[in-house]
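There are structures below to look over.
Here chain A shows up in two complexes: once beside chain B, once beside chain C.
And then the complex of A and B:
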């Protein structure tokens, strides 16, 4: 990473660390937490959807598995949600591998459609399954508060845990991006046939991508369950959540490390401001804006905000000089 | 001496249409074979069967003594069969160097070391000065070289070149011919599908001619050129 990049990271990190100390209103602190959680989910989605180019519109399934697994283990065995988070991640990976095996035979839009179907089926199963509370959902038992119990009375600890999980997911994503896996994922996304001709087993590497992606998505699910202390299929397995996870990444910049974080910031700000401007009567205004954003991004900025900024910077740095390219 | 590649009675049908029928030939280590024939003769189909992109409907393919009929492209690559594509398939989101690095990663999973290996391959193909450029910004001739550099990065013993000289100007064709000769000097055998006759005739040790999916001639460039069946296929009866 360049010196300027490191400096920018350090500043962003310092700002993130002090932000909740400056913003003391619980409502705004909550907004920041939601933005961080959404960013984390976007970064996790990006490993599969961004780098490897396999667009999933069913990530709520992994999120829900994470939320339900830790909650059920806590209810029935008193297992710490921290361990529950790992168990949820492991279960999500297992589910992802079983689902990925047949779904990765499908290409492009067909894969995306299959992921919608899988997530939808899972939501229906959970809605009708009494053991997991059915449509009513589950209330996370609160026996204790504090770090060990993963339950807190104030927003602040949730903020820092969300931030830590985001940083961890970013670190994992960065490690993947710079390793051979990152090269292979991008090769598979750009030209699958050429990738195969270089000895890359497509299914194997797509499965690695979905395993990493689903693990971190499930971790986000456990965090959500511990923060809301309530899970139900309508909130943790909703198709709208899947779409939102994909949208923050697409808006911010597919296949760029920091893109989903920027996308999550913008999307949360839009959601919150429409809620404040239009109040209860404006329910769904944010959805109209989502639709508008998708159209604008797809038409004008297929590389998202990060891609747009990069292109702008590149134009500024080197004004186009036709002819020079060829002569070189 | 046993052949590097042995194709026996190879057939490939697409819903009743015989694209390849009873094709047999062998290729020795370090040999250059040109594969020519009119459009639709089945050259690319044969190519795809050998590279693992098509499953043959009949016959067998033996590579370095291994029976590889119906193998996948990725396992063929690991055995040492590399290929380029008729329509260039470079990884557009990556730089030229990263494109070749993907190939080099087959045997060296440490990115920094694979990148060094990739750089050597770019140098060998004469486009090292373009290493940092986005692959999509290269000229057609450079993109064809990039594909060769990428294919060579997997250390193949057989390189399949699918019309690598299409779309090049005469000077670029001469450079490409030199590059193929340099590849052969490294002991790598080449099977070349080519339309540019002046490019293939001087470098090929042998020429195979396909017509309507069948092999109609197999010999030195000189023999093939005077073969009445070949003349008929190209000029019409």
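And then the complex of A and C:
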């Protein structure tokens, strides 16, 4: 990373660390937490969807597994949610591998629709399974508050835990991006046939990508459960959540490390301002704006905000000669 | 007695399956011609239902009579969506294509909610209300008419594709866009035609469904998932395949619903996974 890049990271980190001290309204603090959580999920999704190019529209399944596993372990065995988070991550990885092994044979649309199908099936199963609370859901037991119990009375600790989890996920994502895995993933995404002809076992590396991606998504699920202290299939396993996770990445920049973080910031700002301007979601104006932005970004900025800025910078530095195609 | 229940369920499944087939024919046509999966297809169906509903409640025109008008309106909407949006993403990466139609889906639901509120609305006492009794079997007249209407519409599409010059041009574009272009078939116009017909199929299905299913902004959600399953089972791009697959999916759903009503949708989705994993080309798809 360049000196400039390091400096930018340090400034961003310092701003993130003091932000909740400057913004004291619990409603706005909550908004920041939601944005951080969404950013973390986007970064995790990006490992599979961005680097390896496997578009999942079913990541809510992993999120839900994380949320339910830690909650059930806490309810029945009094296990600390911190350990529950690891257990949820492990279970999500196991589920991802079992699903991924057959489904990675599918290409493009077939794979994307299969991920919707898997997540929807899981949601139906959880909605009708009494042990996990069925459609009603589960209330996370609150025996104690504090760091050990992973339950807090104020928003601040949740903010810093969300930030820490985001940084951890970013670190893992960067480690993957810069290692040989990153090169393999990109090869699988851009030139699958060439990658195979060079002896890369496509399924094996796609499985590595989905394992990393699902693990961190499930960790986000546990964080959600401990923050809301309530989980139900409609909120932690919904396809709309899967779409949102993928969307922040598309919006920010697919396959870019920082893209999902920017996307999550923009999306949260858009959602909050439409809520305030149009008041509530009863009239669907938020959906209209949301849908419109998705279409515009998908059609005109397929590389997201980060890609758009990069192209703009590149053009400023060296104006393209006439007839040269603009770099996307 | 149980035999009668099974027969009754089987026939009900076939009737609703015929409507699923019509929805899927529209989807498979768009996919076959230009390799784009339209996630907003359920919203075309939703607009078709609303068109029938409003023409009925404002002007007392029965959905059966306004069906051609609904089909025309949806044809225009589909062609417009192609012209304004889809035209720009024909050669875009798959991710952009998926999210473009996904965005349209959310946008259309928002528009419906904005214009008509999230309430459930239904067509009461249409021409086709009531039921028919055949021996000990009972069928709703709306379902029978919907099934028959769906057969006619699907048949018309089949006839168009296989017996007319324009249909042949469309098939040629689906088979090999560049070769068809060299033969003087304008691809852009064919794509627009596919979107128009695709949307009209969903609109006709919506019109037929409006006599027995209430309409609300999210009504398309489950239909589009079912349509994906039908299209995959029939083979992406195959109209005859979609027709047979629609009936199979309808029967699976209704029979499954008899035993495990809460798992109806899950069963259909399991069917999708089984099909794409074990026979990716579908029943009648090109391997």
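What to note about this one:
Here is the rule we go by: the second predicted complex is superposed on the first by the 316 of 328 C-alpha atoms of A that agree within 3 Å, B and C clash if a C-alpha of one lies under 4 Å from a C-alpha of the other, contacts with A are read in each partner's own complex, and residues count from 1 in each chain.
The rule is simple: a contact is a pair of C-beta atoms (placed from the backbone, for glycine too) under 8 Å apart; a residue touches a chain by one contact, two chains touch by 3 or more.
Since we're looking at a predicted model, the values are computed, not measured.
Steric overlap between chain B and chain C is absent once the structures are superposed on chain A; the two fit side by side. Set against each other, chain B and chain C touch different numbers of residues in chain A, with C touching more. In the superposition on chain A, A:286 makes contact with chain C only, while chain B stays out of contact range.
Here the vertex is the CA centre of chain A, and the angle it makes with the centres of chain B and chain C is 80 degrees, a multiple of 10. In the superposed model, A:205 makes contact with neither chain B nor chain C. Residue contacts after overlaying the shared chain place A:184 against chain B, while chain C stays out of touching range. When both complexes are overlaid on chain A, the residue A:195 reaches chain B alone and has no touch with chain C. Judged by the touch definition given at the top, the superposed model places A:158 against neither chain B nor chain C. No C-alpha atom of chain B lies closer than 10 Å to one of chain C in the superposed arrangement.
Looking at chain A, you'll find no residue that touches chain B in one structure and chain C in the other. Residues 178-180, 183-184, 186-187, 189-191, 193-202, 255, 325-326, 328 of chain A touch chain B in their complex.
Within the complex formed with chain A, the chain C residues making contact are 37, 85, 88-89, 92-100, 102-114, 117-118, 217, 225, 228, 232, 262-263, 265-266, 269-270, 272-273, 276-277, 280.
The touching residues of chain A, when paired with chain C in their complex, are 49, 53, 55, 57, 102-103, 105-106, 108-110, 112-114, 116-118, 120-121, 124-125, 127-128, 243, 246-247, 250, 254, 282-295, 297-300, 302.
Residues of chain B that touch chain A in their complex: 51, 53, 72-74, 77-78, 82-83, 85, 89-94, 98, 101-103, 105-106, 109-111, 114, 129, 137, 139, 150-151, 153-154.
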